[in-house]
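Letters A, B, C, D and E mark the chains in the order given here, with residues in each chain numbered from 1 onward.
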Amino acid sequence: NSIQVAVASNFLVPLKEIAAAFQSAHQIEVRISPGATGRHYAQIVNGAPFDVFLAADQARPQRLVDEGLAVAESLYTYAQGRLVLWVSPGELLPEDGLAGLDPAAVRRFGIANPRTAPYGKAAQQALAFAGLEQALVDRLVYAENVTQVLQYLATGNITHALVAASHTFMEGKPAGEWRLIPANWHDPIRQDAVLLKRASDNDAALEFLAFIKEDQAKEILARYGYGVVE
Amino acid sequence: MSQPRLEFDIRLERPGFTLSMAGQSRPGITAVFGTSGCGKTTFLRCIAGLEPNCRGQVRLGDEVWLDDHPVRPAYQRNVGLVFQDARLFAHLTVAGNLAYALRRRRREGPALDEVIDTLGIGHLQQSLPSMLSGGEAQRVALARALVAGPSLLLLDEPLAALDYGRRRRIMPLISEIPERFGISVFYVTHARQEVLEMADHLMLLEQGQCVLHERVDTAFSTPANWARLGDLSPMVVWEGRVLARDEAHSCHQIDTPGGVLSVPGEPIAVGQSVRIRIRSSDVVLLRSADSLAGQSNVFPVCVISMTPGGAGLVLVQLKTGAGGQFWSEVDWQTASQLQLTEGVELQALIRPGTMRRYHAVQHFFREG
Amino acid sequence: MSQPRLEFDIRLERPGFTLSMAGQSRPGITAVFGTSGCGKTTFLRCIAGLEPNCRGQVRLGDEVWLDDHPVRPAYQRNVGLVFQDARLFAHLTVAGNLAYALRRRRREGPALDEVIDTLGIGHLQQSLPSMLSGGEAQRVALARALVAGPSLLLLDEPLAALDYGRRRRIMPLISEIPERFGISVFYVTHARQEVLEMADHLMLLEQGQCVLHERVDTAFSTPANWARLGDLSPMVVWEGRVLARDEAHSCHQIDTPGGVLSVPGEPIAVGQSVRIRIRSSDVVLLRSADSLAGQSNVFPVCVISMTPGGAGLVLVQLKTGAGGQFWSEVDWQTASQLQLTEGVELQALIRPGTMRRYHAVQHFFREG
Amino acid sequence: MMSGPVWLSVQLAVVTVVVLLLIGTPLAWWLAISKSRWRSSVDALVALPLVLPPTVLGFYMLILLGPEGAVGGPWFDLTGNTLTFSFTGLVITSVLYSLPFVVQPLRDAFRSVGPGPMEAATMLGARPTDAFFTVACPLAARGFLTAIVLGFAHTLGEFGAVLMVGGSIPGETRVVAIAIYEHVEVLNYAAAHQLSAGLLIFSFIVLLLVYSVNRRGRGASIG
Amino acid sequence: MMSGPVWLSVQLAVVTVVVLLLIGTPLAWWLAISKSRWRSSVDALVALPLVLPPTVLGFYMLILLGPEGAVGGPWFDLTGNTLTFSFTGLVITSVLYSLPFVVQPLRDAFRSVGPGPMEAATMLGARPTDAFFTVACPLAARGFLTAIVLGFAHTLGEFGAVLMVGGSIPGETRVVAIAIYEHVEVLNYAAAHQLSAGLLIFSFIVLLLVYSVNRRGRGASIG
């Protein structure tokens, strides 16, 4: 009695806490396979033994439903992500965050790859909203995902970044300061969860999906800066 | 021991070189002789099955080896080939190289100890090939081929890198291989002495063709061959047989086509066949034998012909009473003093010490 | 041309083998002789600078090459070394190999065309080394070393894989190198004939030590050396000089330590030095010269000593009136007939045709 | 002593190298001696897996080995298990991806041996396979060493393709490379450093041992 | 004709291979002939970059090449630019990561040449560098070919470390491997297939040409 959960990397840390809580409550082991949502999708299409898929976006769970690989009724948004502007130590963090950023003060500005990572796409929208896209174009660097943006920060290779708000709650985060980006500066970052077809009769998986909706899990989600879509 | 006959009729084309040979092995050792690049190595490789483009027929006894396309691959021919470049296995010591051959031995051959001893490679057993001198490597390669117990032995200049003393010690071992193990040996060499001391037959190659395949004595005794065999001085080679032995003076009476010669030297058993070389410079011609009274190997001879020899010399063909023909080369001064004309009778002193021991075998006369 | 002198006093230790040699080059060609594994190749490598563990001193003329630790690395010594295994560059054709040497030539040497012609490698120019026969590769290696124009030439059995005809054609080229280019040559060989026909001096190695370093004539004429030089039959080697030449009979009068010998053969210029080998078997002893009247090379001789020779033979040491000493070997029968005793006077017929032409040079006598 | 992912990686590397040698040795030999006109094409093909990014190769392997793939389909019908997300699948992927590192050094080593020693063995009565194992292979020892080192090290470090095909299932496909990656993902840099350092030290010791022993074993003249 | 990322990859691969040959050739030569007791350690060190997962190697390269890193710091002070997120940084990373693939085949090839030909060249008056370039290198041609093929192909396909150090900046560090990866990530499989197929075909043709020419050039006996 164990279940296999594929989870978007950005949600790995909260998920581990949730899984621990679930495990002690239900005596069901949760085996976690973190990674990029695109890869998870490809693996699921090709028979990956996952029971629950916690994606980084809405598109790919939806597509699995459309392709008959996931249970349509189970689809729901388990978390909504927020962005923060992060500056490394020694750099000036404008009072009004991104809006007040002087492009000249930026050496390198890191975001996740907008083509592959939902947080990257949101970051790009936020930059555009703030009117900084053109000013920063020659200083933008693209990481594979948001956690890699943090590595750039941690190694001092970038001075500014847009990362997930959840990172600010994590242990081991790089030094620096941050400001929340207003939620309306970008399309909502909705992360959907879905039950996969192979687990449609798996009570443990169903229980786990239910558990994420319970208060204990919501509390953890909130603690990590994720919003919950009711 | 009867030796299965090797028959071949082969052809190999290379850009700028064609080997085309037909013939069959004769019992004993066949010396393969010829100038550098004439195809000796290539011939051995074709027989061994190492030249995939070789066409034609090869058979040993009843076994068909090649019938336009290989019937029997090289490794099934049980040929022993000592390569011109030793080709020891670099990852094995000398002992390892020998053990490799011994483990795959499929037929009797000389004992390991005997070979190691004769070739003087006992002290090298733990050496790697990279630590051997040129001659040492060559000896190990020869040893390796011998202990493998081949059914046909092909030797490509196996003694070329060795000093005279070593050669002398090794030649008897090679010489007795055919009789002892009933196999034929092809022996590539540039050394006439090795041919004379070991080979029964001589194959002469010129530009990929076999232009001579004869008994060694006939080959060397034929004037037409002297130039081709590498500027030989005129000579005859006789096969002889020991008639008697004078122990006191360690002297042998040897029956030859020219008569009975008296030859001192290391003991040879009565009845044994030996080979005698008489070069034109080994013969002294005299009008009378007076001052030679009592000296051995003085024969009355008759002049058969006279031809101009090398610069300033006359080559005199002579015949003993027994009918054996041989040659003497004299300068014009001596020639005129001797009043040489065809048919004249003279005395010929043949110098002993010109004898070569013929280590092998009796079969020669049986065959001849 | 004066030849800078090579001086060496070297030592190389290997497990189970130590080379320890001191000496200096003499003008001309020095034959390096010795049994397989005695250290000949190692000696050349030490001189060339290829043995990093070699200690001691080496100098050529004023240049110090080694003074316990290398002073001059191998590539600055301008030594030409023909390796025992040809070591052609596998990625270059024959022409490429020769061009490689020619481009780096730092000194005069024989012309490319001459070398290619003498060594008979013209038709091989476009061949890759892997396509050459053993002897062809050896010739190319020799050619490559010659055209590089070395200041010291070291040859490691350069003709070992060649037929007699080829050797004869190449020997004159090598022989004249010292005079023509003013360099010393060390020549490793197992062939006594090559020593006699080409070398001025002989160095004999035994177990890594030089046990003999003498003029070739002295070395071969000393009875104590006969066994060491590979079971030589007793002989003397004389340096001679052409006194006169009889064109009509192409016969030379040659002044030797034993007297004036009459020697037919290919023309040699008057005044030229030549080398004469007289083996004990080349001498016929007679009580009187009656039946030899008019024959050339008959000398009255005096018996100096008699010793037992090989089995059943007596080795007689003789002296001519001119004082030259030589040897004859007779069987006991002949010995008793001749009533051999010390001091007795006999007639000796020395056979012509025993002469060897000495291709090189006049410096020999100048030095001697 | 070894944590799960490390142990799994070592297992994977060992199995992969063994399989690679089994496949790569005959292939390298063929490439070394063949006169076939297909040889150059096979030579080129062998290097191709390298050209693809690991995740992309992994993606194609995922399709190929998946339950509907050309290889995975029949396997699934036969065994009832999928090849993907299994140790076997990882081995297949690693083998494909490390093939050039094994085949090319081996091929070169066999070519360096040349026909001479094999001919000599033949003349001593060794059959082709005998000569191959007793002469060609020992003389190509250097190539085997390089092939093994490259194959082993590359499999240890390989990641993209393995992650794609294996899916990071603990105890089954979660190899050390993935474990390190995941530590980094959750910003647990200390653990990542520790694991990396361990991997490096372990590998260095193994390699040092291998090279030292190899050196001792052959004497100065060869290598 | 070539799209940006492909062209960038080819440039990176070419520059990397050139640099690798410049560094790797002397290193391989030293490893082949040295009798130093450090040799085994260097041999082992050379293989180590392989053991680390690319992203982890990339992470360490980020530290090393970053504006506060041991290499990147001085570089930054000197040039005012960071090494990371630059083509130069990619080259350094690729060089480190492909080093074993260049050094090891070369080392083996040099060892196969052995001391004989170099001694022969010396005896013809060739100085060591002369002999090295005119004899050792041509005779090790096989090793160079393998080194170049492995180095080139690995750089083309390399991805994790490059992505990390390069920051995927279009036209500067966004190589083809990253481009394909992105297509896969966003489920644009058709584009991924197309780009992969193009890369494979291009590589195959290049490799086939290389191997065919090489084969022609040497005759049957050597190659």
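The rule is short, and it goes like this: a contact is a pair of C-beta atoms (placed from the backbone, for glycine too) under 8 Å apart; a residue touches a chain by one contact, two chains touch by 3 or more.
None of the values given here were measured: they were computed from a predicted structure.
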Intersection of contact partners for chain A and chain D: E
Any chain in contact with chain A as well as chain E: D
Path length in the contact graph (chain B to chain E, fewest steps): 2
Interface residue overlap between copies chain D and chain E, same or different (over half shared): same
Inter-copy rotation, chain B to chain C, in degrees (Cα atoms; steps of 5): 180
Chain whose mean Cα position lies farthest from chain B: A
Whole-Å separation of chain centres (CA-atom averages), chain C against chain D: 60
Centre distance in Å when chain D and chain E are each reduced to the mean of their C-alpha atoms: 19
Centroid spacing, where centroids are CA-atom means, of chain A and chain C in whole angstrom: 91
Whole-Å separation of chain centres (CA-atom averages), chain B against chain D: 56
Shared interface positions of chain B, touching two or more other chains: 85
Residues of chain D whose C-beta touches two or more other chains: 55, 59, 184, 222
Chain A, residues touching no fewer than two other chains: 39, 42, 151
Set of all touching chain pairs, with the criterion as stated earlier: A-D, A-E, B-C, B-D, C-E, D-E
Touching residues on chain E, where the partner in the complex is chain D: 32, 35, 39-41, 43-45, 47-48, 50-57, 59-60, 100-101, 104-105, 107-109, 111-112, 142-143, 146, 149-150, 153-154, 156-160, 177-178, 180-181, 184, 192, 196, 199-200, 203-204, 207-208, 210-212, 215, 220, 222-223
Chain B contact footprint on chain C (complex, rising order): 16, 34-37, 40-42, 84-85, 123, 132-136, 138-139, 156-157, 160-166, 168, 190, 192, 230-231, 233, 246, 248-251, 262, 264-267, 280-282, 284, 286-296, 310-313, 329, 331-334, 336-338, 347, 349, 351-354
Residues of chain D touching chain B in the complex: 116-117, 119-128, 130-131, 134-135, 138-139, 141, 219, 221-222
For the chain B and chain D complex, residues of the former touching the latter: 48-50, 74-75, 78-81, 83, 85, 87-92, 100-101, 104-106, 128, 130-131, 144-145, 148
Chain E residues touching chain A - in the complex, by the definition given at the top: 59, 62-63, 66-69, 82, 84-85, 163-164, 167-169, 174, 181-182, 184-187
